[in-house]
Structure formats: C-alpha cells, structure tokens
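Chains here go by letter, A, B and C, matching the order in which they are written, and residues are numbered from 1 within each.
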Amino acid sequence: MHSSVPLAAGAVAPRARWRGDWLAPAAVAVVLAFAPLVLETYYQELVMKIVIYAIFALSLELLAGTTGLVSLGHAAFFGIGAYATALAAPQYEAGSPLLLLGLSMLAAAAYALLVGALSLRTREVYFIMVTLAFAQMAYFVFHDTPIGGGSDGMYLMMRPVLKAGDTVLADFERPLHLYFAALGLLVLCYAFLALVLRSRFGHALAGIRINEQRMRAAGFQTYRYKLAAFVLAGALAGIAGFLYVSKNGVVNPELLSWHESGAVLMMIILGGLGSLRGAVIGAAAFVLLKEFYSSEALLGPAIAGRWQLTLGLTMIAFVALLPKGLVGIGRRFSFKRSRP
Amino acid sequence: MHLPATLRTTAAAVALFAAGLAGAQNNAPIKVGFMLPATGTYANLGTMIENGFKLHVAEQGGKLGGREVQYFKVDDESDPAKASDNVNKLIKRDKVDVLVGTVHSGVAATMAKAAKESKTILIVPNAGADVITGPMCGPNIFRTSFSNWQPAFAMGKVAAERGHKKVVTVTWNYAAGQESVKGFTEAFEKGGGKVTGNLTLPFPNVEFQALLTQIAADKPDAVYVFFAGGGAVKFVKDYVAAGLNKTIPLYGAGFLTDGTLEAQGAAAQGLFTTLHYADKLDTPRDNAFRAAFTKAYHADADVYAVQGYDAAQLLATGLKSVGGDFDGKRDAMLKAMHTATIDSPRGKFTLSAANNPVQDIYLRQVVGTDNVVKGVAIKALADPARGCRPF
Amino acid sequence: MDFPTFLVQCLNAIQYGLLLFLVASGLTLIFGIMGVINLAHGSFYMIGAYLAYLLAPMFGDHFITMLVAGMLMAAVFGFVLEWVFFSFLYGRDHLQQVLMTYALILVFEELRSILVGNEVHGVQAPGWLAGGISLGGMMTYPAYNLFASAACLVVAFALYWVVNRTRLGMMVRAGASNRDMTRGLGINIRLLYRAVFAGGVALAALAGMIAAPAASVYPGMGGGVLIMCFVVVVIGGIGSISGALLAALLVGFVDTFGKVFFAQLSGIGVYVLMAVILVWRPQGLRNKGF
C-alpha cells in the first residue's frame, strides 16, 4: 500500500545559509502582541482561539507532518490536558498556572506513552484506527462516568493566577493577561519545535517518515524515536488543553471526540503538511473560514445557516486545487527552500 | 441655597441632556441573541422555539416594553466544545442584551457560565439540565421550560399511585437521562415502590434488543424510560415489537412521544407520559395560541414552541415593568421577571427561587398523533434547585 | 442469566452483527480494492434509510421489490458519484481523501436538510413481516429482525460467490492486487472501479433500507454507523469480506453482552476489542484474501 503521507519537503533542512527564516514568524508574533491595541474584545478572543488551536495543530504537525504518524485520536491529549487542569484546580481559590500547566502536560504525556507504546506496532491505516480507538476510550471514560462531571462536563470555578510571593504577576481572569500567556506559549512551542526539527532527533524523525527501513538499517531504534515523538506531541497538545479551559472556564467530553481530532488534522492539511508555518496558518484559516461562513452579518441568515454546505464545498475545492496546502501558494512564488 | 444663574441653567441643561440620552436609549432596539441548533438532530426544535418567541413579539406589535426587538442568531451545532466560542459571538461580538438558548444541556451549561460572567440575561427555552437552576443559578439566569427532574418526579408519583411496586429504568448514559431517572426514583420510592434496576446504554447507541431481553427476563411491574428524538422512536417500536407492552406497561417522560408520534405510528398508542404541556388542553389561552401559531407558520405548535413563546412573555413582562428602561433599571426588571406570573398556553406558572417554572405537570396518553391530556399528575411542582445559592 | 435469556442475547448479537456486516462490506470493498478511505460511507447508509422512507408508501407490501429498486437507484448514484468526484481521489494520499470525504459528509447532511428536512421519520414494515415469534411467553422476537438477518446472510453469500466464483470477481481481485498489470491485460480498470464503487454504495444503501423499519430515519444517523463500520473493517482486515463478517459478529457480541454486564463502560467495549486485536495482529484478523 502506498505511503499515506506525501514526501513534504521541509523538515529535512540542510545547514541553511540564509538564517533569516525566523523573521516572518517573529514579525507575526510582534503583530499579534500589539493586536489588542486595535482589536476589540471579541476579536481578541478570536485571535486567542486561533493561538490555542495553533499550538494544538503544531503538536500534531510534529507527529503527522514530520514523523509521518497520522493520528486520528490526537484530541484525546488535548482533552485530557483540559480535564487535568479542571480537576486539579482548587474549588474556591485560584490555582497556580505553572502547576496546572505542568499537570496537564504530564497527564497528556502519560496517556500518550500508553497509547503510543501499544499502537506503534501497527502501520498506516491500522495505526490511524488504533489511535482513534484509544481516543474513543478516553472519550467514553469522561462521558459515561462521573469522573469529570459526566456528559455535561465540568466548570473551572476560578481561573489560575500567577503569583510570586504575594504579588500577582498574571491573573487569567483578565483576558489580556491570558492573551499574552497564550501568545507566549505559542512562541515558545514554535521556537522549541523549530529547534527540535533542526536537531539530530528531528532529522531522525524526518528520516523515519521518508523511509523507516533505511533508518533501521542505519542503526536507528525507530520505535523509540517514534514513541518519543508521540509523547512529546501529546504533551504539547496538553498545553493547548490547559489554555482552552483557562480561557473558557468549562470542559466537556466532546473535546476528546473524533470530530475534534478530525478538525485538527484538517488544519494541518489545509495549511500544508510538513511545515510549522503550515500548522499555524492552517489553524488560522480553519477558524476564520468557519467564522466567515457562519456570519449572519456578512452573508445573511439564509446562507449563514447553511454553513456546513459552504464550508464543505470550500474544503473540497481547497484539497482539489491546493494539494500542498496554503503554504504551497507561498512556495510557488518564492525561490527560498521551504523552511519551518 | 441660591445658586448662580449660570450654574442653574447649566444644571438644567445637563439634566435635560441626560433625560434626552435616556430617552434615546429607550428608543434603541433591544438586542435578543438566539443560540439555537440550526443543524443536526435538534434543528427542528430550534426552529420551533424561535418561531414561538417571534410569534409573541409579533403579537405585541413588534415591540416589547415599547422597544423594538433586534434579533441575532448563532448556530450552536449542539456541540458543547464549541459552545464558549459560539456564545461569545453573541455576547462580545454582537453585544446582545438578552440571550435565548438552547436545546442541548451541555451547551446550555456553558452558556449559563458565560452569562453569569458577563451578567447578560439568559433565558433557557428548553435545556433541562438541573445545573442551570442549581449550582449555576443566578438573578439573570431564567428558564421557561422545565428541569429534567420535574416531569420524571411526576411520573414517579403516578407510577406509585397506579400500584406498581417494581420498576426498571432505561436511558442513555448521559446527564439528562440520569437526572430524569433520579427524579422518577425519588417520587416512586417515596410512594412505596422500588426501582430494581437501572439499565443504561452509551449515547447515542440505539441497539436496545439486549436491554429488552434483560427486561423480559427481570419481569418488573413497569418500565420507566427517558429517550428523545430518533432513539425514542426506535425504543417504542422495539418495545412493542418485542411484545413487552402487553405484560409490562411502559412509562416515560414526555419527550418519548413528543415530535415522534408520526414516526412511531401504531406502536405508541395508549402510552402514558408526563410533561408540562399536552395536546387538547382546550383552554382559551392554548386554543388562541395554537391557532395563531398555525396561521403564522403553517405547522402545529408543540411544547418547544410554547417554551419559546413564554421566553418572550417573560422578557416582555420584565421590560414592561420598567417601561423599557433596560439599562437604567436592570435590577428592577430582573426582580419583576423573577416574581412574574406568566400566562402561558400550558397554564399559568410562576418562577421558583432558582428561576425555574413552578408549573402543573400533566399526565398524557397517546391517542392517534396527539398526546391527549388525561389529568394533572402534580399541581404547581417546583424543582428542588439543589445547589442553588439563594440570591 | 439463565440459558434461554443467554440464547436470546446471542440471537440479538448475531442480528446486530449481520446488519453491521452489510454496511461494512461496502466499505471494505471500496477501501480494499480501490484504496480509498471514504468517510462519507455513513452518508450512503443514511441515503438508503431516507430512500426507504420515500419509497415505502409507493411499494406497500412489495418490500423486496422496493429493496431491489432502491439498490439499483443507489448503484446509479454511486456510479455517477465515482465518475464526478471519487475518481479524482485515487492518486492522492490518504489524508487528502480523509479531508475530502469528510467535507462530503457535511455537504450530504446539508443537502439532506434542504431536500427532506430535519424531522424524525418512521418506516412501516411490510404487512407480511409484522408479527413475531413468541419466545416462551417471555417476549416476542420480531419477524422483521429475522428477515433482516436472513437478508444479510443472503447478501453475504452472494458477495462471496460473486467475488470468488465469477469473472467479474476475478477481475476485481486482480485489480486489487495489481492495478497496472490488470490494465495491461486489457481490462478497463476505470470502469471496474466505478462498478465496484457503485456496488459498495448499493450495499450501504441496502443496509439503510433494511434498518429503516426497525430503527428510525433521522438526521445524523450516518455518523454512529460510520465509526462502527471502520472498526469492523479494520478488525477484519481491510479488503477482506470474510474478515468483515467475522469482525462484525465479534462487535455484535461485544456490544450486546457489554451492555448487559458492563453497563457503565459498555461504550468502550468495542474499542478495547479493536485495540487488543490490532496489538495482537496489526493487520487485522484476515489480512489477505477475501
């Protein structure tokens, strides 16, 4: 059976002479940092939503885009991260965001270790289905048992507050503080992944995606590398989960559903597999497209009500016409070798 | 004290200006944001609720408390994961004054939290989750439908009165089903019965055969269920196809037979259910409502339309009591709504301490394609609002 | 649980499994032979159910005629759909197929809403299948359920016979193992794929039509079936019909007895089954062969 992931040029970056490929992402980060000055509250929150999904998409990019492990159960780690925060947060006082973030990452990574250890024995389509199965298991545990409040989910009563001694550094009840925390985490994740991709570990992952047999012949213990990537991706998804519940104050089993897993997969395909920029662009495009198609103000109630149709047709058109994703458009017009 | 002339004139001018502003506010439309399902299984319910609401506004000449109504709408997709984002479209982007929604309890629970945080008025026209008028209750959170506990409690009382001693319950393993079963059990066991088994299956699994076989083996006196929509149709058909209805009577919360009778056909005939609304109530108020609804929308009104209609009535009562001065006299308006008596097509009802309807629950029986009222199961039943801190 | 109840539960499990097999058989054909992941398969099931709702009043008691008519209509629909849409997916990688077919689900759901509306509907079973078999005064086993199981078995045998004993089946199997060589032998592979796809759609639609009188017809009914289908296909081995049958029966048993013994966590039962089997045999139960 043919490979299920295209040979996306991008993750195998030779020693680059042009070191300016961090300029574009840095510029975007700066623009986003100043965005609250011009955007009103609703649009600030929209940007925050994109930032959270961008982190989620980046985590899957490491797994699916770089290592070639397509998972249809990635939302499980997102949801577990969110639930970990909601369950560990104290009821009547604000918790510590560092502690809660750490717990979210740990919980997500732990489940990723379990799932990865068992599923990495399978390949391609079977791997896709096994990851789905494990995500469904986690979904039903949260949906059918009272652990996380059952099918209606649970609330985060008080959002975390970052304190140094007695001084308040960041209060997540204030949207602006949370905005910068999310942006900061996105920048950190992006930079971290960019470094990972340039490292020996990252190159090994790319090699595994391109030809695992050859890597094994070269002496790499590919199973360990894949498992490490899986756990790392899970932990990063946990960060996104922590941010989600900090922003919305509520967590629900639907966060672990295969619809969410499918959505994040859409995002990285839309943006272009094999590039970190693609993951972020894809997340933004996905969120904004949906926002556009369901906007009554822009399209009128009749069309906005049929957003599933318009969004579906657009997605089909995208995949048909832009097989390399949105990043592919940029690459057509540039001679630069593709960069993360 | 004798103020200098200029000061007095200025004061008068300012006062006039402020009054003018307030007057200008009073002429601005009041923004109502619907967050209802436009797609998916509940799409029809969303349409009924919205139509019921708009019918009442139209009956008042398009104005409530002297102010025009401007509508905004967002599809809730029946997805709790998207609920925060969707409700914020209405609260923060469209900046609505009043939120109306929704059908799905998980989504409504998130709306309640968002409404509490932003202090927007929320009127829930369906979702029966106990939490909304429980731990998430508040002076700006209202409900014009029911809590999952209410119709179930009434059925428990009826089942006990009919002499059943052993009952098995069946429902999906989700909050609405669990709360319903709890309500039934409370009344049934108080009346001397015993619930001998709680059968569940994962939502939205509709393979009931295994559970029906269990029931046949356990042989209880009766069965109480909570299902709605497609699942309700299949369950009733399967139950009758298995011949169980001949020996073990089936009871359910009203949603078992609401909106599903055409699909259930002969299988549903004679089924008893309890709900806060019924067909053939034959009161002047209900007859007028149903006629007006059919005339405007060419469809029969149902319980969802009534709940939407009453949401508009509740808002209208509040606005009228403060002369439309929503911004200035908000607390007075909330108080007026809290103490209102709504002249609903279902019968008059008031709101409990947690802003949930205190209403009569009817016992209905299926005759043809109607749930015909057979009597009042419990008069003026109030939800116990466990977990609601008084406000 | 006493023995008679146990037997009835086994009957329930087999009945559910057989219907699941019918839907999944179409998916495993399309997946195994054409290598296309089709997330819209649940939508074909839904289309079948709505077809039953629309055709039943016209055919009345001629139920089997209606089933055949519906299958033909679905096959034509599948033929056209493959021509217009799916033939563009062959060269692409699985992810793009996933994305495009997922988008197709959204389109189908919305079209359904526009054309037929959002209400819940019921379909009357034909008069000659209305009764039931009394199981010792305990309960009645509906005759319709027995008919449904029988129909699924007939289809299973027919499929087996066509795929393993006819020229068409030979071409299909050849096309699955080596597409280019088959083309080199002069067989019109495009037409073959189109026919197989049409067959797969017809099978799913048939399953929907058979299920409609017992279940109900409502928006979103494709979604639940879809996931179960993929589970069955993967457990059984992609492309294997006998594997799909075996897997479907396994799923039927796990679902039925899971509900009875593990009520709270019965939802995960099927997924635990899938995980266990894939960890034990990563290519499914019956890897090669039909």
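Just so it is clear, a residue touches a chain if its C-beta (ideal position, glycine included) is under 8 Å from a C-beta of that chain, and two chains touch if they have at least 3 such contacts.
Just so we're clear, the structure is a prediction, and the values are computed from it rather than from any experiment.
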item: Chain pair with more C-beta contacts, A-C versus A-B; value: A-C
item: Most distant chain from chain C, judged by the mean position of its C-alpha atoms; value: B
item: Chain centre separation in whole Å, for chain B relative to chain A (CA means); value: 37
item: Inter-centroid spacing, chain C versus chain A (mean Cα positions, whole Å); value: 33
item: Multi-chain contact sites of chain A, meaning residues that touch two or more partners; value: 140, 143-144, 308
item: In chain B, residues with contacts to at least two other chains; value: 39, 173, 202
item: Of all residues in chain C, the ones touching two or more other chains; value: 109-110, 264, 267
item: Contacting residues of chain A [partner chain C, same complex]; value: 1-6, 64, 70, 118-119, 121-126, 128-130, 132-134, 136-137, 140-141, 143-145, 258, 262, 265-266, 269-270, 273, 306, 308-309, 311-313, 315-316, 319-320, 323
item: Sites on chain B touched by chain A in the complex; value: 38-39, 72-75, 79-81, 83-85, 88-89, 92-93, 105-106, 109-110, 113, 117, 129, 131, 136, 173-176, 178, 202-203
item: Footprint of chain C on chain B - complex, ascending; value: 39-41, 43-44, 47, 173, 198-202, 204-207, 209-214, 216-217, 229-230, 233-234, 237-238, 241-244, 259-260, 262-265
item: For the chain A and chain B complex, residues of the former touching the latter; value: 40-43, 45, 49, 140, 143-144, 150-153, 155, 247-250, 252, 254-255, 257, 259-260, 294, 296, 301, 304-305, 307-308
item: Complex contacts: residues of chain C adjacent to chain B; value: 1-2, 5, 8-9, 12-13, 15-16, 109-110, 113, 117-122, 124, 132, 134-135, 138-142, 144-145, 214-221, 224, 255-257, 259-260, 263-264, 266-267
